[in-house]
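Before anything else, here's the structure in question.
As written, the chains take the letters A, B and C, and residue 1 is the first residue of each chain.
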Amino acid sequence: MSNKGVLITGGQSEMGPLAAAQMRLASFAPYRWFVAAIIWIADKLGLRGRSLVIAMPYLWLLVFFLLPFAIVFKLSFSEIAIAIPPYTPIVSWVDGIYLRLQLSFESYQLLFEDSLYIKAYLNSIKIATVSTLLTLLIGYPMAYGMVRAPKQWRTTLLMLVILPFWTSFLIRVYAWIGILKTKGLLNLLLMNLGIISEPLTILNTNVAVYIGIVYSYLPFMILPLYANLEKLDGSLLEAAADLGCGPFKAFWTITIPLSTAGIVAGCFLVFIPAVGEFVIPDLLGGSDTLMIGKTLWVEFFNNRDWPLASAVAVLLLLILIVPIVLFQKFQERANAQSA
Amino acid sequence: MKQFSRFNLISLLLGFSFLYLPIIILIIFSFNESKLVTVWGGWSTKWYAELLQNQGIKDAAWVTLKVAFISASVAAVLGTIAGMTLSRFGRFRGRTLFSGMIYAPMVMPDVIIGLSLLLMFVALAVDRGIATITIAHITFSLCYVAVVVQSRLSSFDDSIEEAALDLGCTPAKTFLFITLPVIFPAVISGWLLAFTLSLDDLVIASFTSGPGSTTLPMKIYSQVRLGVTPEINAVSTILVGLVACGVLLASYINRRQAKQRQADEQMAAQAD
Amino acid sequence: MHENKEFYPWLDAKQKPYIQIERVTKKFGDFVAIDNLSLDIYRNEFFALLGPSGCGKTTLLRMLAGFEKPTEGRILLDGEDVSSVPPHQRLVNMMFQSYALFPHMTVEKNIGFGLKQDKVPAAQIKKRVDDMLELVQLGQFARRKPHQLSGGQRQRVALARSLIKQPKLLLLDEPLGALDKKLREQTQFELMNLQEELGITFMIVTHDQEEAMTVSSRIGLMINGDLEQVATPSELYETPKSRFVAEFIGDVNLLEGRYDGSGEFGLTMVCKESDSAIQSTQRLDVAHGTTIWAAIRPEKLEISKQRPEGTPNVLKGKVWDIGYGGSFSTYHVHLPNGKAMTAVRANRERSLEKSITWEDDVYLSWAPKSAVILTD
């Protein structure tokens, strides 16, 4: 792309912003390649109709989701170099005749030798696990309360859970800074109430990270739980009561086991993104809060070590692949069952 | 039998206070006269006035809106097709990979998506800017749209499409005149979701942006790192307010339609 | 069946009712679901609550189970007021319409659930569950989960689960509603046998009048939150109290007319469909000119081509339609003024050649004792 200037100043163009954007999108190389690729592949395969329709999102995801992972994987075997881009090529021509493959395991070696990275991985998993359990502890009673609330409240309550999910993540995390810092509102309140005499240090500790994760991901826990508990057949609880089972016991023997699907879905939805979380540990955590997402960011932006950042990403992915695959299997099965 | 106990009420009250107090406090303090965020200096809208003078934030907001609009629109189209594919096309070669690629971006850490896209753009020597951010946003948004559309499709059975085909409607026309109108609410809410996801995104935009294409979250982030300022509170309040209005309006329209429908059905039932 | 054994405890003044529903009212907000209803049910009865949807029959059942509390009035079980006893402490069990089988438990666990709540020793639970499985013929399915069973099998598991605690009263909410016709008929007889064998008082809610007539000793017909008539199945059919009852139970031809004195048999009624006054053996104590109705069941209407002798009640009409029903045929006959009447005739002879056919002019007649005269 040579006309970057056009891209940036496009807003002042005489065309409406949408038309201008479309024009730019149409003249934008990757998009043209994409469309060309669809037509070429469709022609080659003799695809028509249905297949062509499937091909559009399929190819998009192949090109912009799967292919980038291949590149990350490739780059993790490069070496850092002072160049643009800052890494050595893996494949190069020698004397214009031989193709030389040069794999470097330096980044991976570093990951395993420097305890910082191992610690960051383990700590991410620990923080994500603890936060997931805390989210469940707070989310379950809420989802349960919503299901039992009078019918006319339910839409409103559901709305109240969904609303934060639509508002900016960054802003919601930011809101806690003013509350948690040493001279923040929470300390002010507690000191005025006489509960503490010295301000608590919460911001820039793991506690703040837990609060941030629980707060940000709570809707992800509540929604699947609510959906699940709402489907729970009320006559099952009545049948239990009819057979002599008290309300508390019925909760443990009927409600909890039957909401396992919701619990599992909610936990996955909180745990998986929490492991790779960057914004929360960066804004609320301290310098000693090691989380792998933050480490990746620092390696990439501050140290400009792209191969190492790639290696970190590959390992993070390997850690997450198990829960992600489990989650997908779980979802497909749940979909099949409800159908 | 279904009694709403005191325990239920308390857990809802505490839970929703936890969800809403921080945002409410932030909104209140955006109207604070004082520069100090913990000291109340009386009501004032001066931070909003100052915001209007801040060219950097206005530019970033404009970039963000453009990216969000284009990426949501493209994602709505691609995501609708993907959702159709998942729920209506049954088995086809590569279905597992496809559904994997739909679900994975939703749970994949942003840092990985951002890094991988950036590395690809670099490898292909594409200059980074608004367009690259837009592509990145389309990629993850289309998955959300696909899931929303798919769940809508699975809630009504495919016999109406079969009926259309049976009556001689071509598949393409069936999609345009039968399926699309039915799933249109889902496409709209998918679009809205994609729009807000794009408005929100910090991490992926940070990776895929180039010089001069700073989005609002990036701008906010760079200032937040320096501490809490009333000006950021004001920006946040505007963003939260806009989204809240949008969501409430959408749900109001939704509810009114549902009520109208219910009334119609009741009228129809009485006609029997 | 019960008639054979001369089981009429409600006619015996010395019998004490087992379940007493005393002036019970249930309101949901402004909506009155049950309106000042009283009912006595006797030990070992198989009582059926019948009524159109929304008549409050399920609400009444749920009050007996304890899921709803009466707004006013009280419910006595074996002489004891149970109005405010929570469901898990009541000696009443219920079989749910949806069966409400616990999906995460095996058949065995489902059936044993009630005993486990009473802390019955495990060995004893095992034995009683096994007995119950045998009773409902599900021995080899003990380890299955509900979703691995057919509809009929699930129904039997639900029944076993509600019977295992040997409740004082078993409530059945549309227990056969989810089964197909053939299975339903077979299960009806199984239910009756089981009820006699176990000696448990049953109360069934159904909207299927045939089912109610087949299984029950008495039927309570409900409308708008109150009982319209409580009677044995045959009383309900042969001597309905009102037009509503007559029309709800089976098919009926209704002729509207005015009371015209006692006449030769018992009473006479003049109506516009008939040239001569209609005669009935029934006696009424109402004023001349009062609007009354003659209700004639289709099978009690004779249909013939020649004018019948020996009865004063004859109407002339034209055959409009014939429905062939195998063992019987249904004739739709239009009277000169357009009123449609239905007559049913058993197909006693195996003749495909119909003596009466479309457009034939026919006579409809009935004996003075065959019609029921209704004032409501």
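Observations, loosely collected:
Definition applied: contacts are C-beta pairs under 8 Å (C-beta built on N, C-alpha and C of every residue); 3 or more make two chains touch, one makes a residue touch a chain.
Computed from a predicted model, the values in this text were never measured in an experiment.
Taking each chain's centre as the mean of its CA atoms, C is the chain most distant from chain B.
Chain-level centrality, scored on Cα centres against the all-protein Cα centre, points to B. Note: centroid distance chain A to chain B, computed from Cα atoms, is 14 Å. Between chain A and chain C, the centres computed from C-alpha atoms are 60 Å apart.
With centres taken as mean Cα positions, chain C sits 56 Å from chain B. Residue positions of chain A touching 2 or more other chains, listed in rising order: 238, 241.
Touching of two or more other chains is recorded for residues 1 of chain B.
Shared contact sites, meaning residues of chain C that touch two or more other chains, fall at 67, 87. Those residues of chain A that touch chain B in the complex are listed here as 1, 4, 7-8, 10-11, 17-18, 21-22, 24-25, 28-31, 49-51, 53-54, 56-58, 60-62, 64-69, 71-72, 75, 85, 138-139, 141-142, 144-146, 148-150, 155, 157, 159-164, 166-172, 174-179, 181, 183-185, 188, 215, 218-219, 234, 237-238, 241, 268-269, 272-273, 275-279, 283, 293, 296-297, 300-301, 306, 309-310, 313, 316-317, 320, 324, 327-328, 331-332, 335, 338-339.
Residues 233, 235-236, 238-247, 249, 254, 257-258 of chain A are the ones touching chain C in the complex. Chain B contributes residues 1-5, 7-9, 11-12, 15-16, 18-20, 22-23, 25-26, 29, 37-38, 62, 66, 69-70, 74, 78-79, 81-82, 84-85, 89, 92, 94, 98-105, 107-113, 115-117, 119-120, 122-124, 126-127, 129-131, 134-136, 138-139, 142-143, 146, 154, 171-172, 193, 196, 199-200, 202-203, 206-207, 210, 212-213, 217, 220-221, 224-225, 227-228, 232, 236, 239-240, 243-244, 246-248, 251, 255 to its touches with chain A in the complex. Listed in rising order, the residues of chain C touching chain A in the complex are 65-67, 86-90, 92-94, 96-98, 100-104, 113-114, 117-118, 161-162, 165.
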